[in-house]
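Following are the structures in question.
Look at the two complexes coming up: chain A is in both, with chain B in one and chain C in the other.
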Partner chain A sequence: MQKEASVREELFEKLKAVVGEENISRDEAVLRVYSYDVSPYKGQPEIVVRPSNASEISEIVKLANEYRIPVVPRGAGSGAAGGAVPVSGGIVVELTRMNRILEIDIKNLQVVVEPGVVHANLNRELAKYGFFFPVDPGSSEMATIGGLISNGGSGMRSVKYGVTRDYVMELEVVLPSGKIVTMGSKAPKSASGYDLVRLFVGAEGTLGIVTKARLKILPLPKSRALVLSAFDDLEKAGKAVVNTFSAGLVPSGIEILDRTAIEAVKKYNPEIDIPLVEALLLFEVDGTPRGVKEEVETIKEVCEKSGAVKIDVATSKERFDQLWSARAMVGAATTALNPDCVRVYEAEDVTVPISNVPRMLLKIREIGEKYGMNIVTFGHIGSGNLHPALVINVLDESEWDKLWKISEEIQTSAIELGGTTTGEHGVGIARAKYMEREHGEALEVMRTIKRALDPNNIMNPGKMAL
Partner chain B sequence: MMETIFREVARCSFCGFCEHSCPTLKRSIRHYGPRGRVQTILFALKYDILTEKSIEAIYTCLVCNACSIHCPGKIRIASVVREFRKALRDGKIKKGDKILEEVM
Partner chain C sequence: MNDKIIEACVPEVVKCVHCGKCRAVCPTLDVLGWDNYGSRGRMILAGEIIRNGFDPDETGLNSIFTCTTCKHCTTVCPTKAKVPEVMEMTRSILVGRKKHPDIHRVLYERVEKLGNPYDEHKDRLWWIPDFREPEEAEVMFFVGCTPTYRTVEIAKSVVKILDGLEIPWTFVRDQKCCSSPLIRTGWGSITTDHNIEKIIETAEATGADTVITSCAGCYKTIIQDYPIEDLDIRIMHITQYLAEKLEKGEIELPQKPGLRVTFHDPCHLGRHAGEYDAPRKVIESMGVDLVEMEHNRQSSWCCGAGGGVRIAFPELTEKIATKRVNEARAVDAELILSACPFCVYNLRVNSQDIPVRDIVEFIAELM
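Let's turn to the complex of A and B:
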């Protein structure tokens, strides 16, 4: 024990020499602040370091290898799967000091950023040039680009614009050996070699730490509009989404709010004017003003035919922003529904093929009824991605038991419907137990890659069932 | 009062929507933001973890209320910080106390 303590002391001193005294801590209370993310999973680190560049990170990782201690990269801690939670202890590497936009290259439609850049800040900067990074997470104001890349995140506009994976051109990564490697290409397309960039997107820090990223950007659309369609039946809303795609339309986003979600929005912002119905669909279309107008008309037609009871079009920027920000907030706002209850992020990211969305919606409702829990459902229905919110009294142990059972049933149903337990939040610790069922033999391929790159298993151990 | 404080912070779902609004977090480091402060209070009450650093985190809060406005769960973050400071001053929270057992 004595020896152990002196070895830890030695490691602490060496890390301090790398990042400086003000950027390292092992204070008991400070460590607790790095022990959580948005998920219900907790784990306490031994040391927190806040490096400012790739070579410092390389030194940290080399030391971790030498001392055989886990390294857990962390951005804003806004993940929902426990990906940044140090479940095996070790060193948390906090990346928020690395928050510079290094290059905005409009001619080549690309931007180079450090991992700690906050998503919304990047888009505020790009808007000055009339461009944007289209991936659009609800947590935009806090999530970092590094976290978005490492979790394979996406968001509300993924229907038309795709996910983070589609926008990463080049990555600089500190490998578990401490080596700094650049992968990918600056060219708009490349058929050269293994696609290592795609391997590292969504790797959740299990293969290395992203220290720089070159991202594709796009011009901001000239016009946007929002169509709100109200339905008196959840399944009808699900079918309206399927019908929209079948009609040959690709809106930039399609969101759904069920009755309880609408109640949560109204509770959060009583001034917001939306109808209280069983299901509300929000279609966003963008492009040229004329194109937007045409698409709005087609969506109205499709929704009418699909049984919408009320259709409303929002074009003013004020109304548009109000509705979108309400939608971004709804998940967290479910906590406000009942003063004794808290939303627990579990089973919150199921994603199924579009045609199975109506069945998934029914299934969630059935599971809720079975356990007597009013499950709030909303999400990126246009990409098959639902965010059922489980709201419980966290001080009541029996409610937790119920929550774990509901979570298991929802996630199992998603897999059975040909889907996945996570569309954009990642696996982390929350969904590790489903990896085998989702991937079968492919999980062994992932484990082989992990062992080859990280033989000492120091990079974010305990995640993704690796 | 301790029970009120505990019930309020226990409602935090760690969502982080409060954080971008915090003026001290912008200038400082993670644990000196609203979510860090709520957690600091929760850990002090629940696990008796109270250090110089955590007290510093509580006292660097400007109590400007920006975070409370942004909290989707409508947790009264600034008020909780104020009440916790008062409890510290009045000697109602000390390291080694079984605070949670007393409030529950």
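Let's turn to the complex of A and C:
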């Protein structure tokens, strides 16, 4: 035990020499704070470091290998799956000091950033040039680009613009050996070699630490419009989405609020003017003013034919903002339904084929009724991604039992409907137990890759069922 | 006592779902970087202390006691978690365990002994020795400790304005510290009953029906921490009082056309009391060119002084204040105005090139 303590002391001193006294801590208060992310999982690290560059990270990882201690990378800690929670203890490597935008290369439509850049800050900077990084997570104001990359994040506009992995051109990564490697290409496309970039996007820090990223950017659309369509039947809303695609249209986003979500929003902010129906669809289209106008008309026609009971086009900026804010506030509004309860992020990211979204919504409602929980559901129907909000009194143990059962049933249903337990938040601890069911033999391939790159299993162990 | 606080605190603590949205707006996290120095980290620590038996180490105490209670986090919080209130409650619990910055105990003892936190033995009316309470008054001036002992120009300015506008006024008799510095740091109020009693006594003696104060901290404390629901007396910040008079066309303020000024919203007047318009109405009525800083109104950036931070962690306060002054510089302001003697005092000592004035000083200088 004494030997163990002196070895740990030695490691601490070596790490301190790497990052400097100001950027390392093992104070109990710090360790307790870095034990959490947004998920209900908890795990206390032994040391937290805040490095400022790839060389420091390389040294940290080498030391971790030498001392066989886990390394857990962390951005803003805004993940919902426990990805940054150090379940096996070890060193948390917080990357928020690495928050520089290194290069904005407009002529090549790309930008180079450090992993700690906050998503919203990147887009605020790019907007000055008339450009944007189209991936738009709801956590934009806090999530870091490194976290977005490592969790394979996306957001509301993924229907047209895709997900993070579609925008990562090149990555600098510190491998578990401590070696710093660059993968990918500056060229707009490349058919050369294994697509390692795509392997590292969504690897959740299990294969290395991303220290630099070259991302594709796009010009900001000149015009945007929003169509709100109300349906008295969930199935009809689902069909309207399918019919929209069939009409040859790809809106930038299609969001759904079911009755529970509409009620929650109305209770949270009674001034929001939206109809109380079974389902509301929010279509966002963008592009040239003329193109947007045409697309709005097409969506209106499609929705009318699909049985919409009310259609409202947001032309003014005020109405546009109000409708988007209605969607944005659903998550927060879920707590308004009962002031004693808060949302627990479990089963919050299920994703199914688009045509199965109505069935998934009904299934969630059915599960809620079975357990007596009013589950508010909303999400990116255009990409099949739903965010059911499980809301409980966290001080009541029996509610936790119920929550775990509901979570299991919702996620199992998603898999049965041909979907996945996570569309954009990642696996972490929360969904590790579904990996085998979702991937079968392919999980063994992942494990083989993991073993090859990280033979000592120091990189974020205990995640993704690796 | 602690059990009752814990009972009240737990439901607020669990409202924080650790989403981290507050990371972008916490002035102390912005300077110190470590998550434990931001609102989310503090809420986690409050939970650990209250629910999981954590006996905080020095870093834990510093994390809890560096919160300026600026409330910026609550305004962006999806669940509207009441972070300043949780910090005050957690601090109370820690004070009960004798774990707190020593200087906060000193403040308590000074208020208890002298009625002010500044260790001043002078009479509160030292700066206006000829004052005699009038037989009749319309308003009662609650001066506050900072204008009385540190920024006396602010106190004098209020008097000059009231006299200049021919508003019959008097002082709240025998006033003591409002207890804001004690409540924010977890020591609770020891002057509430006294001050309420004196407000009533002065009102009965002079007929005044309105208390005015130029201090955002006193204002917030009296309207939110004092049990004044049944008090038939209006409590107003002086900018609210002046804005109301301007709206009614009862007064006119001196003009300074062409001057480029910016306004720093004091947290206690803005986010805590919800008053953003009154000071702006007053400023705009003076013909100046009012420019907003990047962070304004609900998203105003704290000056770094509140919550007992300035006295316990002066270097931190200095860095936060410097950022705020830089925002004023970025919009080429020639003058920074505020409506709180504590903010004014703090920004002034941290601004090398741009002058900082309280709105009342600005008005009085032109009268």
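We take it that the second predicted complex is superposed on the first by the 457 of 466 C-alpha atoms of A that agree within 3 Å, B and C clash if a C-alpha of one lies under 4 Å from a C-alpha of the other, contacts with A are read in each partner's own complex, and residues count from 1 in each chain.
To be clear about the criterion, a contact is a pair of C-beta atoms (placed from the backbone, for glycine too) under 8 Å apart; a residue touches a chain by one contact, two chains touch by 3 or more.
Model, not experiment: these values are computed from the prediction.
Superposition of the two complexes onto chain A shows a clash between chain B and chain C. When the shared chain is aligned, no partner comes close enough to touch A:Thr351: not chain B, not chain C.
Touch criterion met: A:Leu395 reaches chain B and chain C at once.
Residue contacts after overlaying the shared chain place A:Asp37 against chain B and chain C alike. Residue contacts after overlaying the shared chain place A:Gly77 against chain B and chain C alike. Shared contact residues of chain A, touching chain B in one structure and chain C in the other: 25, 27-30, 32-34, 36-38, 50, 76-78, 94, 96, 118, 120, 139, 141-142, 329, 331-332, 335, 342-345, 394-395. Across the complex, chain A meets chain B through its residues 25, 27-30, 32-34, 36-39, 50, 76-78, 94, 96, 118, 120, 139, 141-142, 268, 329, 331-333, 335-336, 339, 341-345, 394-395.
Looking at the complex, you find that chain B touches chain A at residues 10-17, 19-20, 29-31, 35-36, 39-40, 43-44, 47, 49-54, 57, 72-74. Within the complex formed with chain A, the chain C residues making contact are 10-11, 14-15, 17-21, 23-24, 33-36, 40-41, 44-45, 48, 54, 56-60, 63, 76, 78-79.
On chain A, the positions that touch chain C within their shared complex are 25, 27-30, 32-38, 48, 50, 76-78, 94, 96-97, 118, 120, 139, 141-142, 329, 331-332, 335, 340, 342-345, 394-395.
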